[in-house]
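The following pair of complexes shares a single chain, chain A, combined with chain B in the former and chain C in the latter.
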Partner chain A sequence: MSGKTSLLSLRLIMTGLFLLMILLFVADLLLGSTHLAAGDVIKSLFGHGTPHGEIIVMQFRLPKALTAIIAGAAMSISGLLMQTLFRNPLAGPDVLGVSSGAGLGVALTVLTITPLFSFTQGSPLQDWSLILAAWAGAGAVMMIIMAVSARMRDIMTVLIVGLLLASAISAVVSLLQYFSNEAMLKTYVIWTMGNLGNMSYTQIRTLTAATLTGMVLAFVMIKPLNAMLMGETFSRTVGVNMKMTRIILLASASILAGSVTAFCGPLAFIGVAVPHITRIIFGTTDHRTLMPGVALSGAVILLISDMLSTLPGGGQIIPVNTVTSLIGIPVVLWIIIGRTGLGRKF
Partner chain B sequence: MDNYRQDRAWEEILMRTGNIIAETVDLAIGYKTQGKSTIVMDHLSLTAHRGELVALIGRNGTGKSTLLRTMVVLQPALHGTVRLQGQEINTIKSSGLPKIVSFTSTEPIALRNIKVREVVALGRFPYTNWIGSLSADDEKSVSDALEVTGLLALADRNIDNISDGERQRTLIARSLAQDTDLLIMDEPTAFLDLPSRYSIVGLLRKLTREKDKCVIYSTHDLDTAINEADRIWLMTETGICEGAPEDLMLSGMLAKAFESPLLSFSQTGGTFSFVREKLAPISLEGTGVVRKLTERALRRCGYRIEQDADLKVTVNDAAESTEWILINGLHKEHYASLYNLISHLPAEALD
Partner chain C sequence: MRLFITLFSSVLFLCSCGHGNRQADGRLDRTAASVYTASRFRIDDFQRFKRLTVIDPWQNSSGNELVYYLVPHNVLLPDSISESQVVRVPVRRIVCMSTTHTAMLRALDAEGIIVGVSGTGLVYDSLILDAVASGRIPDVGYESNLDKELIVSLKPDLLMAYGVGASSAEYLRKLTEMGVKVMYNADYLEEHPLARCEWIKVFGLLTGMEGKADSLFREVTAAYFSLADEVRTGVKERPDVLLGAPWEDVWYISPANSYIGRLISDAGGRYLFDDLTEQNSVPYAVEAVFRRATEADLWLNPGTAESLNDIAIADHRMTKLPVFESGGIWNNRNRMTSSGGNDYWEGAVVHPDLLLRDIVSILHPELLPGYRQLYYRRLQ
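Let's turn to the complex of A and B:
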């Protein structure tokens, strides 16, 4: 009986989150650094707005809001997968250097390969080469972290290794920057600030296809993920093929974090913080609830961050990374020092 | 004579109906690292039967965990084989094994937002669909497991908010929900206080009696093993032997396995005590419980009870108060507690 009540309340929260996401999506379209009347925004969406309004809504606000939803959901699911996979409440794409790995892939593509093949400029081929490079970079770091956490039980050690990896990668990237021209450098530096805008609809389609692949893989692994909460020994004795499960989870987390990082830059702290916020909202560790819950919360938080970054009326745009860091860092700090057992549980 | 024949016949029937649920055949256990195998223990031939509580005991490092892990294919057998329900484990499908045997390790649960019921429900893993939804049958198994382990009232509590003993019960319930005839548990009583240890072992025994399960568990707790288990698998450095607890006491194997220069084993009582090297004689007069406890206290202090010793203790057990009289040659003292008596005993006998 109490099981049913809690199921009902879980559904209510989920529906509430979904409605909140829609609400924020609409708000994100209505608000921006340039003032636009609500009526104009709605008309523009259906192609009857003023030319000025249509450009702002269709070329800037709509792609940005869509990207916020996709990127927020993808980064958060990636973080959730990593936390369960590594049994580490502080795991996340950025914290463990996976975003840096993806960044290295991007840097290699943007700073070295792309200038050589300028004919690919602006084509889906370029987008996909960027994505593939990011996947490879993210996957490589993920495998190193996997190997380390298999040997080191201590989650802090794993975090330090992630930190070192990120530093090493940024050193390599600096070296690449040193040898690249000004225009490429500028493209790269802007990319590192994290940006949800500047996405063409072709790019959004590519990003959607890539993240959907990652999400399908993640949803298929819901059952083994739940078993993994009880530890590896338990998982193996109830029939989970750990090798296969690890490979799929690694691939899924790399695809999700890599794709988003390739297009939007390293979005800080979304991946590590959102799963915790979601666990608190739903009060559960069951991935059947967490998986959709984390996706919705991630979308909501990135939509909020996006709105805050384009302070309405100010005419200024601050990097979205600044906002996500300001939201995410307190959560991470609270996990490390605020709770018993030094963040060893989740 | 008739009785004997009847027993034999009964035993044969049991054998033929497949009463043996687990056996190891000339098994070698150990580790394989990079092609090199290190054998921890060799030539293990053991059996466990349905409805039996089997305690695996032995000193640290003898390979108790390794044996249990080998029986559930978490580690490879280096030689020989394990048979579960008559099938060799290597021939059992990896999806079939979880329906034959469940395993509970000492792995801690590093979660706070999970309810007792949710942990137990994970035991249904081998039976649920791709996303792990519970059918009506699954729900019933979970409720049954919660009821048998006495956790129904705690079912909706978070795993963080229950005691160590209750958490151990939760893991046992999870194992039960897996609905296997054989349950293997690695140190289910570790880190528990004495009453919890007895209650856990009592629960395991109940499962063997009421549910006809076979439970094999490893433990350091000799007391509960000797008092509750039907069969003991005793691991020593030289090998393993099995039998009823009393068989192993009778053959002296238990004593041999655990005795050291510092410990001696009481063959009939199944308990250990420290060896005192220099024993001073003392004579004791008195009756009943007071005498028994006085004797115990004197032993603890390095005395052996002897008639007509120079040192003499007389217990004066009156209705209103008990007093101890210590006579040492011409000296005679009265003491109101054993503690007082002991602290006034001649110093040279105390070690």
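Let's turn to the complex of A and C:
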């Protein structure tokens, strides 16, 4: 598909997407689950609102909108990296069990280690221990998938291995749950529900630092990623160090998916669906365009999902994971059945 | 597919129950209905035996009725009644799936017939815990992890179950096939605390202690209403009460007509979501609840929180609520075992009068000076 869209139109689309993200960000601040006049929201942002208005804008809406942008961008880039790395259109953090791996890391930390160090509760130390555990879990699954991909070319086989890994991990997590007490269990169950809202600014800073690290690694790898699309032999001939590239991509994708999963829980289908949506929007497979494009689209889609979650009105909500699944599943189905002809194999 | 199988099998299960009911209805004459407030069961007296109808025994069920005939051991079975619907009374060996069941047997001093309990870790009562410790009452597992072989080997006359959803019917059906008599108890779905307590009448019939169950229920009802009347006449201002706790982005809100909603209203409070009249809890955005919660004078049942700090850790924004600053937060975890057994979900079900007294003393301390709460504790 590359080459079909001119540079000018790519830039126009990118600018449009960026403006859309800003617009949705503002809309997300204005339209919460309760009614707050636009003037009050703006006053609150500058510290001149009513006391409760300020709490609602500064402690509820702003952190949530910021998290939606960071998490949407990070999960989508992670998905893009995985799809190119594994040469698999269905790769994505949640689909291949990488989120589950991160979840196992979190479960081990929450259900076994944290109770021993209860003084860390609510401190940045605890946040970082969660993040590191999630990275390790995500990285471990990613390495298994990589080993399998090297042997099995069939993307469905890799997908099945991912599903098996996810089930194996959930079995281990159930076992852990069996031996943990009520309060620890509750902490873990809440985490699995996925959320964007309950983040302190310290946590947002931590998440930003962690995901920025992953994103920098990803952006550095744009050229090798493009070479990889042409196949491994081609990559070697243009001087790409495949081993190094794989390690960095693996680290980057694990850091991105792991960090978001540690804080927001397993966000469903964003990672696998957004890269495809972005490829359609831009009509290219060039990572120079896709990388920023995927980040913007991911942010836009998660902001939309967040707003859709308040649709029932009157303060009632739909969990954000439900919304992202409703958006993501049709995309995945479309990939399986329609576009790539994978369906014909069966 | 699994959902379909589950639904299909429950429909089959229910059809078979309904069929027997119609058959019996045609030939027997109904003489008395003796249920006072409970909406999920009905008792019909046929002189030589009783018919118990359990109505909509799980959430979102409508139009489902399960019929059981409680027939004394020495009475011959009328031809019109199928053996599968008969429970011989008094029951001598029972397996209880919920602590509300054990609490009711305990209140009747009939805990001796309990031969198995689901989730012994959640039991509060010390007598039953002693029996568990001595090995007399084994843990039969829970939900899909039920130890069916153990249950069969216990040779219970009855297994008292509850259904969370229609899917519960699936594993209970398996037990029925293995020859275990299963009865659904819908006490947890009763909206009024007294209605929930009234299920003790079912246990009275099962154990042959009808009179004791009736008088216990009468006493509790009288005590409950006398206190509720006192509140109605003595209270001028109704404090606003917030309930529950946030689960990250979501706060599940109990409707006003729920168990605890009724208690707050009868205790002279105004529930912050008294306009919500759904059947089940409704997920709300924490932001929306926070907004209303700024009005709250008191906050009850904040999840598993044991201290103000627990709440601050779970959601730091809650520390900005006036009710947090004034310290008007009470949990229902005053009587707990270390493994998670909570008398609020056990003994209090048989004593809604005492529960009401607790809540009145929190909402209107002036009415009960010097009172020390039984189930509730103020968070520090």
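Going forward, the second predicted complex is superposed on the first by the 334 of 346 C-alpha atoms of A that agree within 3 Å, B and C clash if a C-alpha of one lies under 4 Å from a C-alpha of the other, contacts with A are read in each partner's own complex, and residues count from 1 in each chain.
Heads up, the rule we're going with is that a contact is a pair of C-beta atoms (placed from the backbone, for glycine too) under 8 Å apart; a residue touches a chain by one contact, two chains touch by 3 or more.
Keep in mind that this is a model prediction, so the values were computed, not measured.
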Quiz item: Since both structures carry chain A, what do chain B and chain C do when superposed there: clash or fit?
Solution: fit
Practice problem: Using the superposed model, measure off the angle between the directions from the CA centre of chain A to chain B and to chain C, in steps of 10°. | Solution: 130
Quiz item: Of the two partner chains, chain B (first) and chain C (second), which one does A:N198 touch, if any: first, second, both, or neither?
Solution: second
Self-check item: Which superposed partner A:T285 touches (first chain B, second chain C, both, neither)
Solution: first
Exercise. Between chain B and chain C, report the minimum C-alpha distance in the superposition, expressed in whole angstrom.
Key: 35
Self-check item: chain B-touching residues of chain A, taken from the complex the two chains share
Solution: 2-3, 87, 220, 222-223, 226-227, 229-234, 236-241, 279-280, 283-286, 288, 344-346
Quiz item: In the complex of these two chains, what residues of chain A are touching chain C?
Solution: 32-34, 52, 55-56, 59-61, 64, 121-122, 181-183, 186, 190-191, 193, 195-198, 200, 265, 309-310, 314-320
Quiz item: Okay, in this complex, where on chain B does chain A touch?
Solution: 72, 74, 94-95, 97-98, 101-103, 105, 107-114, 117-119, 122-123, 125-126, 128, 130-133, 156, 160, 174, 178
Practice problem: Spell out the part of chain C that touches chain A in their complex, as residue ranges. | Solution: 246-250, 282-292, 294, 303-304, 312-313, 315-317, 320, 340
